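Next up: the structures, one after another.
In what comes next, chain A is part of two complexes: it sits with chain B in the first one and with chain C in the second one.
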Partner chain A sequence: MTEVERHSYDVVVIGAGGAGLRAAIEAREHGMRTAVVCKSLFGKAHTVMAEGGCAAAMGNVNPNDNWQVHFRDTMRGGKFLNNWRMVELHAKEAPERVWELETYGALFDRTPDGRISQRNFGGHTYPRLAHVGDRTGLELIRTMQQKIVSLQQQDYAETGDYEAKLKVFAECTITELLTDPATGAIAGAFGYWRESGRFILFEAPAVVMATGGIGKSFKVTSNSWEYTGDGHALAMRAGATLINMEFVQFHPTGMVWPPSVKGILVTEGVRGDGGVLKNSEGKRFMFDYVPDVFKGQYAETEEEADRWYTDQENNRRTPDLLPRDEVARAINAEVKAGRGSPHGGVFLDIASRLPAEEIKRRLPSMYHQFKELADVDITKEPMEVGPTCHYVMGGIEVDPDTAQSVVPGLFAAGECSGGMHGSNRLGGNSLSDLLVFGRRAGLGAANYVSTLSSRPAVRQADVDAAARLALLPFDPPEGSGQPENPYALHQDLQQTMNDLVGIIRKAEEIEQALERLVELKARMRRVVVEGHRQYNPGWHLAIDLRNMFMVSEAVAKAALMRTESRGGHTRDDFPQLDPQWRKTLLVCSSAADDELVPGVTVEPKEQEPMRQDLFELFDIEELSKYYTEAELAAHPDYRGAAAGSGDEAGKEEA
Partner chain B sequence: MSYIGKFRVWRGDANGGSLEDYQVEVNEGEVVLDVIHRLQATQAPDLAVRWNCKAGKCGSCSAEINGKPRLMCMTRMSTFSEDETITVTPMRAFSVIRDLVTDVSYNYEKARMVPSFQPPKDLAPGEYRMQQVDVERSQEFRKCIECFLCQNTCHVIRDHEENKPAFSGPRFLMRIAELEMHPLDTADRRDLAQDEHGLGYCNITKCCTEVCPEGIHITDNALIPMKERVAGRRYDPVVWLGNKLFRRNRA
Partner chain C sequence: MAAPATAESTTHPSGIPAPEGSVEVTVKIHRFNPEQDEAPHWESYDVPALPTDRVLNLLINIKSYIDGSLAFRRSCAHGICGSDAMQINGINRLACKVLVKDLLAKKGKTTITVAPLKGLPLLKDLYVDMEPFFEAYRSIKPYLITYGNEPTRERIQSPAERAQFDDTTKCILCAACTTSCPVYWADGSYFGPAAIVNAHRFIFDSRDEGAEERLDILNDAEGVWRCRTTFNCTDACPRGIEVTKAIQEVKRALLFRRT
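And now, the complex of A and B:
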């Protein structure tokens, strides 16, 4: 029998980024004994990397903003593939969630009348992002970390124990979810302490997945080592489904030089505050890349674009602030056409647009980052930037209102959940997403637990199996052949995904990637790690690789199946938006054919039509760029196929 | 542009260890953390090191490089000459778990002892009004990425384990200052700063400020003003007299 440290909780939250902390706060405030389990130290989560801000239609800077405008912007940004109910909840609840942070002690930048200031961002009609300079994510994490401490202080005052009701298990990795074989419901979670390598078991009827993204499967990424798709893979292995996995956001502006920092993010706030993209000829090329679906919504001359920063009523915004997928593709095209910067990116110029002091005040960490890492003074010279793997729109399929997956007791929020952002996420919608749905997941879990009459039991056999799989890299099966180094295997996986399932895709390349994944998975069985279980990074990587392989297969298979281009999925061989695909979701699940790295199966599924009152928030002209003729007939302004511009649908190139 | 760099890295655990020499490839534009990662991938797969963002934003990769407390991800290799041996050791003020990873739980314990933000009772969410100039004082301190380099370098605890129970270190004295300067906070932590968190131990040598990777003026903007507030409350003769006269009423 496996030696394992056992704990019993009502709710176990996996991940201590924004979504996880907000879920934990909510579950604890509803009386649940709650554990937060995270791979890093408390307060180090990837959310700290979020720079620009948190989108919420508070209307502090432009009173015309409201939830309907935010709803429309988000649906447009996601090319109408979004789960509309999630988008509705998000747009309606984001302001409350931001205001709530002030009651926890957050200090956002202010407007002259003392309210929370809001900044412009790509795809948002009005200044909408609550921010703190360019370190908004850090403010969110610290604020919620400190809120958790304050709840622990309350518990200490009552019980004499800080951790009586809410405990953080830091530097602890979950390797498997455990379920009740009869009902499929969550029974617990199994993992190990990174420090000692000792096993730990949580017996709990509810798990909130808040593990973030999958960027570490790609070579050039803004994501940290933690982003290995743990939540995605754990959920699939426990029987849950993923949607939208083919949509991966390549942030248009990552650093490209020096090589060691390639991929590190340059906030969109640079463009929001006036920075412009230029090619090697000094041309502001984004004016040439406004796609038909956005024609008329963006400035057509540099003069109009520049006037927009001060007068938004009478001018249209600069195309530098198109949604991220459009900007990333445009940069890619400029570089391919030979108009790139010396190190294979394009130029992002703020130096000639704002006074040096203003740049340092508004973008202090960007100034710092370029000065320290690239020896570039952004107040004097332009930055070199290019696309970097940043965010996965796909994730665990959940019920919008409760955040519960198809597995009873398994909830998900933040980046590891899917649906909210459709095919492309707008900047600033991530921090608001994790607040809104972090809270809903915590609430959903609390409600679920309080209705249970009995708790599913963890089976010893499952614990033993999880322990055996975790230890496999120390003791690979005999005669399995040449031992594999986990670091080398990881690099090969990243190269494969980057080259073959990256920003621009085509069928042959994706098929090639799938073949390579089969080979890499075979090598996975031969991974051997040196040393012992105490704080052994080679072993930790070997365990995380299991998840990266599953997630990579899901991305590649879904990308192959979707024969159109939309948002974060661009097919060279199918460059158009296809309205038939708009209402189709690709659902990934585990084939359960292998215990170490199960295969992934992908099934199409019809998306639920938008509720009528939300549907009517859009003009028929706009909808006709995305919807099929049959769907458009439900709109009150529909005048038949021959009359409107509806007949363009399907032929429209985007 | 690459060369073979000489590295000396501390390897070991709570029971002891030693400096080990490595020769490892260094490329243009790299930082110390890149080279440590290359060591892991090629020569020392079990070399323990904490890191996350690799962009100076999370404060995980704190260590001592040639004896100086630094973030490994923000220390460029170009600041050293090619023939220089670069010594990387774990933070000294905290006990070692393994290699470059230390036990920083002291910091989380001290964080728990600082009474949290106490919001005004009469304001609902959304009704908070503060001026930019007023929030900026606390915002400076909230730039802190909790790398704990200030704690590591502070001589009150660096080689004085015995002071840890009585002293919370610059990071958490600054946290108290941050809350005290929050325009809407309603609590008073001045006595606590002196009595429970050991503000008096600080003799403003500014070592913390010097090592702060975020450039926060910890001593000038947080610790000294905090000392002044405590002094104003405890040692101002008018306040003292007021306390004497009205103590009974306040109890």
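And now, the complex of A and C:
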């Protein structure tokens, strides 16, 4: 029998980024004994890297803003593939969540009259992002960390124990979820302490997954080491489904030089505050890349774009602020056409646009980042930037209102959940997403637990199996051949995903990637790590690789199946948006054919049509760019096939 | 096991790819494995390095190609999360923000020494127990304290009021300041600069009503009066916070309160 430290909780939250902490606070406030488990130190989550801000239609800077405008912007940004109910909840609740965070003590930049200031960002019609300079994510995490410390001190005053109701298990990794074999419901979670290597078991009827993204499967990424798709893979292995996995956001502006910092993010706030993209000829090329669906919504001349910064009522915004997928593709095309910067990116110029002092005041982190890491003074010279893997739109399929997955007791929020952002996320919508749905997941878990009459039991056999799989890299099966270094295997996986399932995709390359994944998975069986269990990073990576392989297979298989281009999924061989695909979700689940790294199966599923009152928030002209003729007929302004755009699919149906 | 070498890159004897323009440096690391070592010892690794590489890149390469068991913390890798504070050539720095070019010897081969933070219990290699540091942080009540009803929207705070404590809100809790403080080394019960910085962040926040409680805590025997104004903390801060100045402002608030 495995030696394991046992704990019992009402709710276990996996991940201590914004979504996890907000879920934990909510569960604790509803009387649940709550554990938060995280791979890093408490307070060091990936959320700290969010720079731009938190989108919420508070209307502090432009009173014309409201939830309907935010709803429309988000659906447009996601190319209408989003789960509309999540988008609705998000747009309606984000302002309350920001004000609530302010009452927790969060710092914000202020308007002259002392309210929370809001800044412009790509895809948002009005200045909408509540922010603190360019360190909004850091402040958001710090505030919730502070809130948890205050709750723990309250609990101490009442019970004499700081951790009576809410405990953080830092530097602890969960490797498997445990379920009740009869009902499939969550029974617990199994993992290990990173420091000692000892096993730990949480018996709990509810788990909130808040593990973030998958970027570490790609070579060039802005993501930190924790982003190995743990929540995505653990959920699939426990029987949950993932949606939208083919949509991976490449942020248009990552650092491209020097090599040691390639991929590190340059905030979109640079463009929001006046920075513009230029090619090697000094041309502001974004004006050439406004796609048909956004025609008329963006400035057509440099003069108009520049006037917009000071007069937004009478001018349209610069195309430098198109949604991220559009800008990333444009940069890719400029570099391919030979008009790139010396190190393979393009130029992002704020030096010639704002006084040096203003740049330092508005973008202090960016100023220091370039000064210290690239020896570039952004107040004097342009930056060199290019696309970097940044965010996965895909994730665990959940009920929008409760955040529960198809597995009873398994909830998800933040980047590891799917649906909210459709095919492309707008900048600023992730911090608001994790506050809105972090809270809903914590609430959903608390409600679920309080309705249970009995708790599912953890089976010892499942604990033993989880322990055996975790220890496999110390003792691979006899005769398995040449030992594999987990770091080398990880590099090969990253190279494969970057080269073959990256920003521009085609069928042959994705098929090649899938073949390589089969070979790499075979090598996974032979991974051997040196040393002992105490803080052994090689072993930790070997365990994380199981998750990265599952997630990579989900991305590649869904990308192959979706024969169109939309948002964060661009097919060179199918360059057009296809209205037939708009209402189709690709659902990934575990094939359960292997215990170490199960295969992934992908099935199409029809998305539920948008509720009528929300549908009518859009003009039919705009909808006709995305919807089939048959779907458009439900709109009150529908005047027959002639009113539509006449797309191919529509004609067939009309 | 090496990654495919690019056209302009060769492979160093360590197995680490050596791109054009790289030089060989020696990284001398403080190693300790409690499962097998009686005491810590130094180990040296010859590795290729570009002048633009950061010390963190060298550590990751050593871990990936030479010794997979080398333990150190890191997360965001560009100075925001505050996970990888350590002593680099004797000075507390974030490994992700120190460039090799700033450490290269004028003559001969460069040696870069890397050791764990001083004053916190050593767990393994560069990995220290941060709990005493966080305990001090928690003891100064690092959260907004208010009385009366919560507003339905935001509390009003003018840009000028907001600017007053901006500097101390930049703290990333990396412990570089606290573990550079000679008073903290000598007596671990001193709160240390980081905890005082975080108290300052709330004491000078116009929305907060808990200044008195915090000042009482900081007036304690282990509080601000232990500070000997050596400025080590200000020099060590990777965020450029004027730590000593913040501590002085807290001292002044205490004195002002008494008169």
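The working rule: the second predicted complex is superposed on the first by the 642 of 654 C-alpha atoms of A that agree within 3 Å, B and C clash if a C-alpha of one lies under 4 Å from a C-alpha of the other, contacts with A are read in each partner's own complex, and residues count from 1 in each chain.
By definition in this document, a contact is a pair of C-beta atoms (placed from the backbone, for glycine too) under 8 Å apart; a residue touches a chain by one contact, two chains touch by 3 or more.
Note that the structure is a prediction, hence the values are computed from the model and not measured.
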item: First (chain B), second (chain C), both or neither touched by A:115; value: both
item: First, second, both or neither for A:149, with chain B first and chain C second; value: both
item: Partner chain(s) touched by A:495 [first = chain B, second = chain C, both, neither]; value: second
item: Partner chain(s) touched by A:377 [first = chain B, second = chain C, both, neither]; value: neither
item: Touching partner for A:637 - first (chain B), second (chain C), both, neither; value: neither
item: First, second, both or neither for A:44, with chain B first and chain C second; value: both
item: Contact residues common to both interfaces of chain A (with chain B and with chain C); value: 40-44, 46, 48-49, 58, 99, 102-105, 107-110, 112-115, 132, 135, 138-139, 146-147, 149-150, 152-153, 195, 224-226, 258-261, 264, 365, 368-369, 372-375, 485-488, 491, 529-532, 534-538
item: Residues of chain B defined as touching chain A within the complex; value: 13, 27-31, 34, 40-42, 45-60, 74, 76, 78, 97-99, 101, 104, 108, 111-112, 115-117, 119, 125-126, 128-132, 135, 138-139, 142-146, 179, 182, 185, 215
item: For the chain A and chain B complex, residues of the former touching the latter; value: 40-44, 46, 48-49, 58, 95-96, 99-100, 102-105, 107-110, 112-115, 117, 132-133, 135, 138-139, 142, 146-147, 149-150, 152-153, 156, 162, 195, 224-226, 257-261, 264-265, 364-365, 368-369, 372-375, 485-488, 491, 529-532, 534-539
item: Residue ranges of chain A touching chain C (in the complex, touch as defined); value: 40-46, 48-49, 58, 98-99, 102-105, 107-110, 112-116, 132, 135, 138-139, 146-147, 149-150, 152-153, 195, 224-226, 258-261, 264, 365, 368-369, 372-375, 485-488, 491-492, 495, 529-532, 534-538
item: In the complex with chain A, residue positions of chain C that touch it; value: 1-4, 19, 33-36, 50, 52-54, 57, 63-65, 67-71, 73-83, 97, 99, 123-125, 127, 130, 134, 138, 141-144, 146, 150-159, 161-162, 169-170, 172-173, 202, 205, 207-208, 240
